[in-house]
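Structures incoming, each one as structure tokens.
Both complexes below contain chain A, partnered by chain B and then by chain C.
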Partner chain A sequence: MRTEAGRYPGRRLAAILRRRPRLRLTLLLTAPLLWLTVLYLGSLTVLFVSAFWTTDSFTSQVVKVWSTDNFHALLTTPVHRQVVLRSVVVALAVTVLCAVLAFPVAFYTARVAPPRRRPLLVAAILTPLWASYLVKVYAWRLILSEGGLADWMLAPFGLRGPGYGLPATVLTLTYLWLPYMILPLHTALEQVPDGLLDASADLGARPGRTFRSVVLPLVLPSAAAGSVFTFSLSLGDYITVQIVGGKTQLIGNLVYSHIDLDLPMAAALGTVPVAVIVLYLLAIRRTGALDNL
Partner chain B sequence: MEGIAIRLQGLRKSFGETAAVAGVDLEIRDGEFFSLLGPSGSGKTTLLRLIAGFETPDQGRIELAGQEVTDLAPYERDVHTVFQDYALFPHMTVEQNVAYGLRVRKVPKAERLARAREALAEVRLEGYGRRRPDRLSGGQRQRVALARALVGRPRVLLLDEPLGALDLRLRQQMQVELKALQREVGITFVLVTHDQQEALTMSDRIAVVDRGRIAQTGTPAEIYERPATAFVASFVGVSNLLDGETAHRIAGSPGTYSIRPEKIRVLRESAGPDEPEHATATGTVAEVVYLGDATRFVVDLDGGGRLTALQQNLETSSADVAAYRGSRVRLRWHRRHAVRLPS
Partner chain C sequence: MRLIRTPRAAAFCAAALLLTTACGSSGSGGSSATGLHPPALKAPAELGRTEGRVNLIAWAGYVEDGSNDPGADWVSGFEKRTGCQVRSKVAASSDEMVKLMKTGAYDAVSASGDASLRLIASGDAAPVNTGLVPNYKDVFEGLKHGAWNSVDGRMYGIPHGRGANLLMYDTAKVTPAPTSWSAVFDDAARHKGHVTAYDSPIYIADAALYLKARRPELGIKNPYALDRKQFDAAVALLKRQNEYVGEYWSDYLKEVSAFKSGDSVVGTTWQVIANLAASEGAKVKALVPKEGSTGWSDTWMVSSKAKHPNCAYKWLDWIVSPKVNAQVAEYFGEAPANSRACAETTDKNFCAVYHAADEDYWQKIAFWNTPIEQCLDGRRDVTCVPYAEWVRAWTEIKG
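The block that comes next holds the complex of A and B.
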């Protein structure tokens, strides 16, 4: 006669694991913890440390001597300061545009559209994420090219497309990251209980008032959560700007151009977006958005 | 002279194929504590939502204090609601929740804060103003919802199963408080409930709702003592329903009758001569249920039929009542307590 354990090979293991919660936890978390500490925190540490090294200008060899020269250069070189400022402004502009565009879309998909059609609409919003990033950016390059779709559509109004440059970069990045803003807003709007809207109307609030005093405050944390994505993705981008940005430079391009010649300087430049995003997250935390991520 | 707070005329509302409200005429007086009592799905909540303005009727007319409001939005009606799940705004403090209606009506800040505190004191929640609703217990949230709806002193206060989520002890306590509060503020309260005990305890008048219609309107005593239909008799309290041959034999004439179990006395079969206004029947005790304060007897009548009788345990104890099972008894009740129902 076969035993119970014989019939289900996994059963003995399951029994052992049930009796030893610590072993269970170890097996479960070892891989992700290794990933987090070695790959993620490890590379970040290397980045920070190497930012304090320098490069010998004759031999182009990295000199592993502690120095704050790179950060000094970063703060005093006008070009660098300008590029950092420009990158932050671009990221903020993309975030604001995404929020403004995403809200009506999310409001429609979450509250206006018939409930049965909502999953389909959400899927439709997600489909652009399945297409390759480069394909989408090149598509925008075509749209914005001279005599392209943008020019053609604006011609009847006596206008022209923005061409390549900073506005084109903002426009393209907004298109790329818009789903990351729509999704959290959709979820938040969907979760606003109908009862609260009834209660507000019941107490004498017209729809506009209800929107300002009840709906908006309730979805604001989710908009902030979405902005973490749009802001950080925009701040780190250097490909889009190369394709549709004309001569515009962002932090990413600076890092890229320094990598071969002056690796420590590239590392120092690379810490800037990290620092900016940490500051941004600290600011965002005050809205309570991070509790919802 | 009492005015009419709410008048409903020929009100109908359907959702798809189902008629939630199928023709309701009703008048609720000023300053009255009025209950809409019915089982779930009877349409009582839809009726409330029609009065509040969250739904628009397919047909019929709604008047508030003599003014037609049938097509007005909720924010244009002088009616506030206490919602079943309270619907407190989670992003506002208790004080801000209570003051919301005043803020919307552009009452100056100092005044609305003072009135919000006053309203919180009315529901015995002084000192809770700065808390968030999620830091409160169910009973406290219920009071906040009440304060929020009362602070604007509406013409009518609607309460949608307000005590449903509370435990029994708290519910009974709130019933007393709610009734006292209503007397104090003098506002018309319209309560929706499926709990007949709650409706009987608190209401000045009750409308029993059955499948989208009003089955009976009256004071708690009228509803309980003189049920107009078999539905009312069985839904409000427990009732013996007699019909057909049994009814004919016992009551003396054919028809459907309702007799409340507590009106029936259980006596020994040999019990003495009956008064002329009494009706009696003999039978065998089929079941005895000891309830602590009372005992329920289920008696199979000679010649068919079954009656339930409820006796206060004045002198008997659980051991005594158990001995009754299988014994012969005589049931006796006053003829006027056998209420004839329309067939």
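The block that comes next holds the complex of A and C.
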């Protein structure tokens, strides 16, 4: 028989915790806080600090002498500015394309399709995420190759595929990150009350007006959340562009090319995407899109 | 001229000067005995008992135990025979190899020419007593006492194998057949968007090698020793080439697929890539153009801080033994170092394809080296552009 005696230690612990809310809080938060500060913020700090070190040009050893040379080089070298700008444009293009493509898909899966089929459709949207990233990118390499699927499909219209390069990179990244935009939009659209749409129609609004004044404000926070995924994932990517980007280089490629010989310069370059993402989040916050998340 | 104040700077200059003497004599005639010497390290006079373990740093494909490809296993036999358990670390670049060797946790490394001299100069690699490596006697003479693996006639390692960077072209689309690197430089416009090049700063040496023949007034003697004017000319040439490049390659499977689909029709390659592409149906040919070519030559070196030196020597002997050297050369796709390896290859034509014994062929190859400020070609009146700047320039070339 399990009576008071059997449960006693647990009870005593519960009693202690009940009496001491601070201890409760400490036990609850220590592990996640350690993870956040040591692993996450700690590594960001190391990244930032090492960006101020220098490298011995002969041995490639890191010399721990404080200097702002790397940031100076980062800001004054035309090629760095150009690559940073190119990376941001790619990330924005991917985000816009994802949003434009995701909305109709999400609208169909959330509101038009028969409710019984909706979970199946969502699962279908998620299936590409089950395949390896590299497999998908190499598949695009084949599709976009000379005389590949893209060329073959466009040939009847007298057109050619984009070949390898910047457009191919944007296209492939859009394909890769599309589910991350569809899912939040699907969830948001699913939660839009039918009554609001009916009311809008009853009051004489045409579909376009309903979309602009009712649906869009309601799903904008979710689109913003999705755009954080698509934007940051595109900004940090350097493998897709190596495979389908032709000779294009993005910010990640610059970091990669410096990592062996000039770690401090790689760190300085690595702070750029961090800064850009912070600015992006601030801009998104100003629109008020993050308030109801 | 700046005064040298700190011991660190003095050591740096000593090392740099040493490199100059070591690299001063090109070709395989051994290095000149002038100038400074590397740290006085002794090679063992005889071997003791094996330690039961050996830690290696290697290029991918050099130390295979069958886990990547069941057909490629030359580690198990070594372990069975010597009792030395092999632990290997694959390094992705020469710089990583140098970094790892400095930790002192490894016994031996398969260093390329752009790492080996740095290891000798810094005292991380010890001289090797070739008498304790019985299979060394069968190594091709052209690989012994090279500028990249010996100092003052002392060997610092056992040669592993070598290869050249070739010019590959699509026989259907590139006519007439090219015989010069101009196909990817001055005549690159003919194949705009379909030219390819090796994606590494060391590729600047390929442009320099072309300019050496094309513009003699620049006075380039060694493509790894470029003064400012020569370097700028090479970089300008590569920037022009960039307009016509479809993509740069560093992953060899990527190049194979590009030549198969026709996205690339002309550019640099390795013999193994040419063979693979041809075997998969691409109509390609690869050659050493009339200007010659760049290439690599790898050497197994023993760490001066080796904790398992006896097992390391056993490994050096094992990896250049005819059968194993043939296996690794065929698996990786390079010319073996051991002359008797040619009899052991599964493809009897292998050594002919890779020019293993063709010394005239290797005379045309400028093996990879590390560019430093002191010109490697022996000039004293100018400073050369160091590798760190090659890296920066490469980023700019790609734009």
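The rule we apply is simple: the second predicted complex is superposed on the first by the 264 of 293 C-alpha atoms of A that agree within 3 Å, B and C clash if a C-alpha of one lies under 4 Å from a C-alpha of the other, contacts with A are read in each partner's own complex, and residues count from 1 in each chain.
As a convention for this text, a contact is a pair of C-beta atoms (placed from the backbone, for glycine too) under 8 Å apart; a residue touches a chain by one contact, two chains touch by 3 or more.
Values in this document were obtained by computation on a predicted structure and should not be read as measured data.
Aligning the two structures on chain A places chain B and chain C side by side, free of any clash. By the document's definition of touching, neither partner reaches A:T169: not chain B, not chain C. Put simply, the three-chain overlay gives an angle of 170° at chain A, taking C-alpha centres for chain B and chain C and rounding to the nearest 10. In the superposition on chain A, A:R209 contacts chain B only, with no contact to chain C. Between chain B and chain C, it is C that contacts the larger number of residues in chain A. In the superposed model, A:L196 makes contact with chain B only, not with chain C.
In the overlay built on the shared chain, the residue A:S145 is in contact with chain C alone; chain B does not reach it.
When the two structures are aligned on the shared chain, A:S50 is found in touch with neither chain B nor chain C.
Shared-chain residue A:P217: touches chain B; no touch with chain C. Of all Cα pairs linking chain B with chain C in the superposition, the shortest spans 46 Å. Within the complex formed with chain A, the chain C residues making contact are 12, 15-16, 92-93, 95-96, 98-99, 118, 122, 193, 242, 245-248, 250-251, 254, 257-258, 261-263, 372-373, 386-388, 391, 394-396, 398-399. Interface of chain A with chain B (complex): residues 193, 195-196, 198-206, 209, 213-214, 217-218. Only residues 52-54, 73-75, 79-81, 83, 85, 87-91, 100-101, 103-105, 148-149, 152 of chain B touch chain A when the two sit together in their complex. Listed in rising order, the residues of chain A touching chain C in the complex are 55-60, 77, 79, 82, 141-142, 145-148, 163-164, 242-243, 245-247, 249, 254, 257-258, 260-262.
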